[in-house]
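Note that the chains are named A, B, C, D and E in the order they appear, and that numbering of residues resets to 1 at the start of each chain.
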Amino acid sequence: MSASTLRQSDVPEPGSPDPREPLISISNLGVRYDGGRRGRTVVAIENVDLDVYAGEFLTVLGPSGCGKTTMMNTVAGIVRATEGSVRVDGVPVTGPGPDRAVVFQDYALMPWRTVAANVRFGMEMQPRLRDRDADAQVREAIELVGLRGFENSYPRQLSGGMQQRVGLARALVAEPRIMLMDEPLGAVDALTREVMRGELERIIAATGKTVMFITHSIEEAILLGDRVAVFSSHPGSIAEVLEVELPRPRSERSAAADPRYVELRNHLWTLLETDARNAATEIR
Amino acid sequence: MDPDGRTIMTKARRTNRALPADAKWTAILGIAVVGIVAFWQLAVTRLELVPAAFLPPPTAVAAAFTELVTRAEFWSALLFSLQNLAIGLVAAVVVGVVAGLAVGWFPVLHFTVAPFLWLLYSTPKVALAPLFILVLGLGNSSKIALVFLLAVFPILLNTMEGVETVSPSLVRAGRVFGFHGVALGAKIILPSTLPFSLAGIQRGAALGFTGAVLGEFLGGAGGLGHMLERAAFDFRMDEALAIVLVMVVIANGLLLAISGARRRWAPWYSGSVSAVS
Amino acid sequence: MTTPPTSNATGLAARLARLDRKHKALVFGGEVVLFLAVWQVVVGQWRLVNATFFPPPLSVLDGLVDLVSSGTLTEHALTSVQSWVTGFALAAAIGIPLGLLMGSSLPVDRIVGPLAWTIYATPMLAYQPLSKAWFGFGTGPVVFLVVIAAVFPILLNVSAGIRTTNPSLISAGRVYGGSRFQLYRKVLLPSTVAFLFAGLRQAAVMATIGMIAAELTGSSTGMGALIMRTSNTYNTAQSFAAIGLVVLWSVAMTQLISGLGRWWAPWTRTGGRS
Amino acid sequence: APEPRTPVDLGQGEPGPAEDTQITLAIPFPDVTMHSMYAVGTELGHYAEEGLSVEVITADNVAAAVSSGSADVGVESAGSVIEAIRGGVEVDALSGHFCRQNFDFATQPGVTAIDQLNGTNVVLAGTSGDPAEFQRALALREAGWDLDSVDAEIVYPGPDSATWREFFVTDRVSLIPFYGDDRPALEEYGAEIIVESLQNWPNDLQIAGSGWLAENPNSAVRFLRATMKAAEYIVAPGAGHIPANKDSVLDIYEKHGFDVADLRVQNGPWVLDGHLTCPNLYFGEEAWNTTIETQKLQPLDFAAHVDLAYLERAQGLLGIGNDVPSELTYP
Amino acid sequence: MSASTLRQSDVPEPGSPDPREPLISISNLGVRYDGGRRGRTVVAIENVDLDVYAGEFLTVLGPSGCGKTTMMNTVAGIVRATEGSVRVDGVPVTGPGPDRAVVFQDYALMPWRTVAANVRFGMEMQPRLRDRDADAQVREAIELVGLRGFENSYPRQLSGGMQQRVGLARALVAEPRIMLMDEPLGAVDALTREVMRGELERIIAATGKTVMFITHSIEEAILLGDRVAVFSSHPGSIAEVLEVELPRPRSERSAAADPRYVELRNHLWTLLETDARNAATEIR
């Protein structure tokens, strides 16, 4: 199966992006980490090809340790490709840039900054943003993620879900074209998760960003994504890319009744089952 | 791009860094040490930045050192000091760890005793020397006592702080599976605290050695401290520095041995523990 | 059954744990008074230890009064405080940047680290003659030994702080456009603050010890010289008074630094015990 | 006035039989002259004859060492002994140790007048509070070098004169006291020798723990007798005469681990520091009072605190009296 | 709604326990934690009534912070009830006992012990077990949880799922009648989770324990439980107890097609929705 093909769809949906001009273009990407404990080289990902189109919400699904974060970090410019290349708008990525913002799996909030100050962090080092009315923008972003009233709280005073929303607001004020989100709902309990998923959909729709969103959860991948990229491990590479044709807004309850949802879900299960079984008995 | 920022990142991620690179760093460190020693030699003999009487050049120290190690007197003094150090350290470890566990564990002790321990810790023990002689005499017991006194506080205070980091869920697990009292202490609290205790023991050992030397300065007629005192008294700085060199080697040897022990006995602990000094 | 470590425990321990700062200080003050009373009775009343070598608190108080009224104390204390503050400031000025460098640059860490540990492990008395040869008499060698004693706890703690900075925070800093300098200022430094204050606290204790060790020989002023002179002339009451003041200074400085740390870095305030 | 002490009754004739006693003797620093009498007494068998063996140790605080029983006998400066006794430390003054002191001072080349010391560092003693400081200042004042009249900082480089000498020859200090063994280096350096005098001072005393003394009266007397014999062996014959036992004494020192190369080549009469010692280990009320006076101590009654019976008994056995030392002067 | 009522079922299923003789009987249970930072008292749970029958698999579902762990800990005897009582076999609980073992949410393995030694920990303090062939029992338990070959590994060398199985083995060797399991699958990724759920069902069936199992996940509560107890928060108490009538073995894929599953799931969603929304905006 070749990567970056659109399955179950030949006619682009209305409003779907032009397949000939990807915003992010990952080609033949490989990352090796060398010098682990005993100088052992780890091939994290290999031969990854993936295109992400402007305005698209792409979810990336895969078992633990398959290299999802590594791939995203090369797009973000904080991990260097050892092979192949990542281009954004045709320009090779050589480091972080103001066009890309990251929402980190572990939030990565500064414990010494209040919510407002953490959000401001997203823009304070960018000359092009500094001249504008920073306070107003920060306030707006905080409102957008529903944290009004918590501006002066410290991260440790917030629940995991709230901290993640601070991370989201921080990414938003940076005004990137691309949002890279690494399992942002990984640490949130299932009930809160549903709520946050809805909010995320709303915010992204409101701002029109291109999103690459990593997740462990099949449901989440389907419910959020315009397309789902499935990773396989050893070494990590893209196994398949699927188009999700469910109408929006989607909720877990409404989707569960849709046969297309059930079919997609079963297909993804089958794809991942072997990997999951391996992962369960493998030393991390 | 920020290649340096990248180094920070990867380095921070893996605190237990790779081994093969070690050889390279050891070589560079060796070169640095040789450089320092060479500069020392030049500074004294050529540039005359400091009179040789106060800081003899490395060649003189080395000569004194080779002369020193051929003397039987030196070896018996070394043995004498090491014996006191060993006894005092063992006592400090036992008392420091047990008392540290107790003070860390029981809130009543923690609130009543801990401030006193900090107070005692910051008292310059040197100033209480006559009291020592009076209570413990000039035999081995006063030297052992000084080793003990200097070593016990870092061990005790580190252990105490370590106890506070013991995961409550491990304690709960212990209780669920029937452990309480001393068994709980031995099977859960002690092993959990061990990395902290070892960090304290590391610092305590170095300080304890200073204690042994100090005790020999206080009085008596044996040990490296006594030899050092005699050398310093005649202003034979080359020999004095050679003895200090031996002391540094011993202190660092202890440090290395204990961090080896730490890797061996507490391999599960990879983070850094900052020692109370 | 042992008391469960959950905070729904009752009894003395739990009550003590719930005390606020002021009451904790009161409890501690009570203990100090009790300790002094026992000391007074054991030495002053029962004479179990020779009072010349271990004077009872009331004699020490007399000694303190003598020192103050004769005006000697002021001179010695001023000299010591001056050397201490100078030395401590220098140690911080050297230790913090070098620690930062050590924490963020592998070569510096690999070369300065072992040397720093070696010097740290060397008994302070080895530096005594050297310090006098370089700095003569007076406060010079005292400041030198204060620096030597205080710089390593600062250096080693700061570098540990940098090295344990959460790598995600560094990534975040880079992603949001931080230059190298900005990374230092906005990420590495703030996240090292807790370690820095821990180092400064340890350094305050070490600096005091270094100061006394240096003053015991050398110049004629300073608290160490005062302790030496009074104990050489069997004025042990005064000598204990001087020791007590030194301990008080050391404790006050560590408390001050802790307080500063809490004020400067409110996010490091830990809950629960201690 | 306080009651005088009743002297112990030590009987007549030879002291009781030798008791096979081991005596631990504490000296304040490991200096060759401090060791001298005891090393010589041991090597010549004087202590063995008395059934004694003497082990010399150093102690940072000799009075504490003796009163705690860590040492049986100790050597401590007279002023400290008086203060310790006043403080209730359980030690007894047994006898003198050195009965004279040399007051020799050197200044930097070209420094010949007191006002040249303005703004410099001077050494009078090794550590702050050392009683010798007062005596040296006094001796200097008597020689026209009143340090109070100039603005010179008094510094304390550490206990031994070798250290002072090194600071002196590296020009860190402008005035030091010195001893015989420092002289060659100072002369080579070109130092001005501004004062040279030898005075009768109760320099150091031998002290013993009160408890030990009460239990071992015979051994105390025997110890003093043997020590006097040793002192006699090294004592200076007088100005201008080289000590007859110089070589054998230096051999003994060498055997005890001291480097005597410098002393061997010296040919002065005071090479063994024998001029500091009196063969009768003189100590008495006059010495006591001199100490109190010169060191500005509070008066303390001699008779109430000191029992000279042991010393006088040992002197009697050797047929010498507790005579005040004769005046000795440098040639 | 009264607690501990069985809904949608009047006739006990074959093999289901006798409702008149509960093994664990929680009545009017309340727990207050006092003396936080400022001496503030937290009422964690209040008026909790719940019965668990011998041989039953009871799942406890509820939003974060509602007091599930607190309730379980009082049953385990490591938190003291401030009101009401917990009885096991009619005897009030005053502390931990060998009849109850706990599988902790955060594994609570001793990092300094190997897998085998960690498992042995469960029996070390029980004289009645120590005399038997401990090694054989440990080996057997390790085999049962599928960790053969990892006896000498340290916890840090295992993945989260494997560590949790060590915790399970440790609880098993203690030979308790009751297994208390606090979100044992909380930290495991969704794919591995499915695999482990099946194994858990198999092991419990093989050993016939009575189980109280806490979870965040509605699916998990339904798939594993004979009954589901739903917690509500502020202060925590049992909102409802539901019987699950799906045939075993159950898998997520097969169950999804069952209308009873879907109905139960929707019912639980409705029950929890309000709480979830609250939890998402509340300071932890």
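Quick note on the criterion: contacts are C-beta pairs under 8 Å (C-beta built on N, C-alpha and C of every residue); 3 or more make two chains touch, one makes a residue touch a chain.
The model shown is predicted, which means the values in this text are computed figures rather than measured ones.
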| item | value |
| --- | --- |
| Chain-contact steps, minimal, separating subunit D from subunit C | 1 |
| B-C or A-C - the one linked by more C-beta pairs in contact | B-C |
| Chain centre separation (subunit B, subunit D; CA means) in Å | 40 |
| Separation of subunit D from subunit E, taking each centre as the mean of its C-alpha atoms, in whole Å | 84 |
| Cα-centroid distance, subunit A relative to subunit E, in whole angstrom | 33 |
| Subunit A-subunit B separation of Cα centroids, rounded to whole Å | 49 |
| Multi-chain contact residues (two or more partners), subunit A | 77-78, 95 |
| Residues of subunit B touching at least two other chains | 2, 9, 51, 53-54, 130, 134-135, 175, 217, 232 |
| Set of subunit C residues in contact with two or more other chains | 1, 4, 6, 14, 17, 50, 53, 129, 132-133, 166, 171, 174, 178-179, 216, 231, 236 |
| In the complex with subunit D, residue positions of subunit B that touch it | 51, 53-54, 73, 129-130, 133-139, 142, 217-221, 226, 229-230, 232-235 |
| Complex contact set, residues of subunit E against subunit B | 73, 76-78, 95-96, 98, 100-102, 104, 106, 108, 110-112, 121-126, 154-156, 170, 174 |
| Subunit B to subunit E touching residues, read off their complex | 167, 169-170, 172-173, 175-179, 183, 187-188, 191-192, 194, 266-269 |
| Of all residues in subunit A, those that touch subunit E in their complex | 63-64, 146, 150, 153, 157-162, 189-192, 194-196, 216-219, 253, 256, 262, 266, 269, 272-273, 275-277, 279-284 |
| Complex contacts: residues of subunit C adjacent to subunit A | 166, 168-169, 171-172, 174-179, 182, 186-187, 190-191, 193, 265-267 |
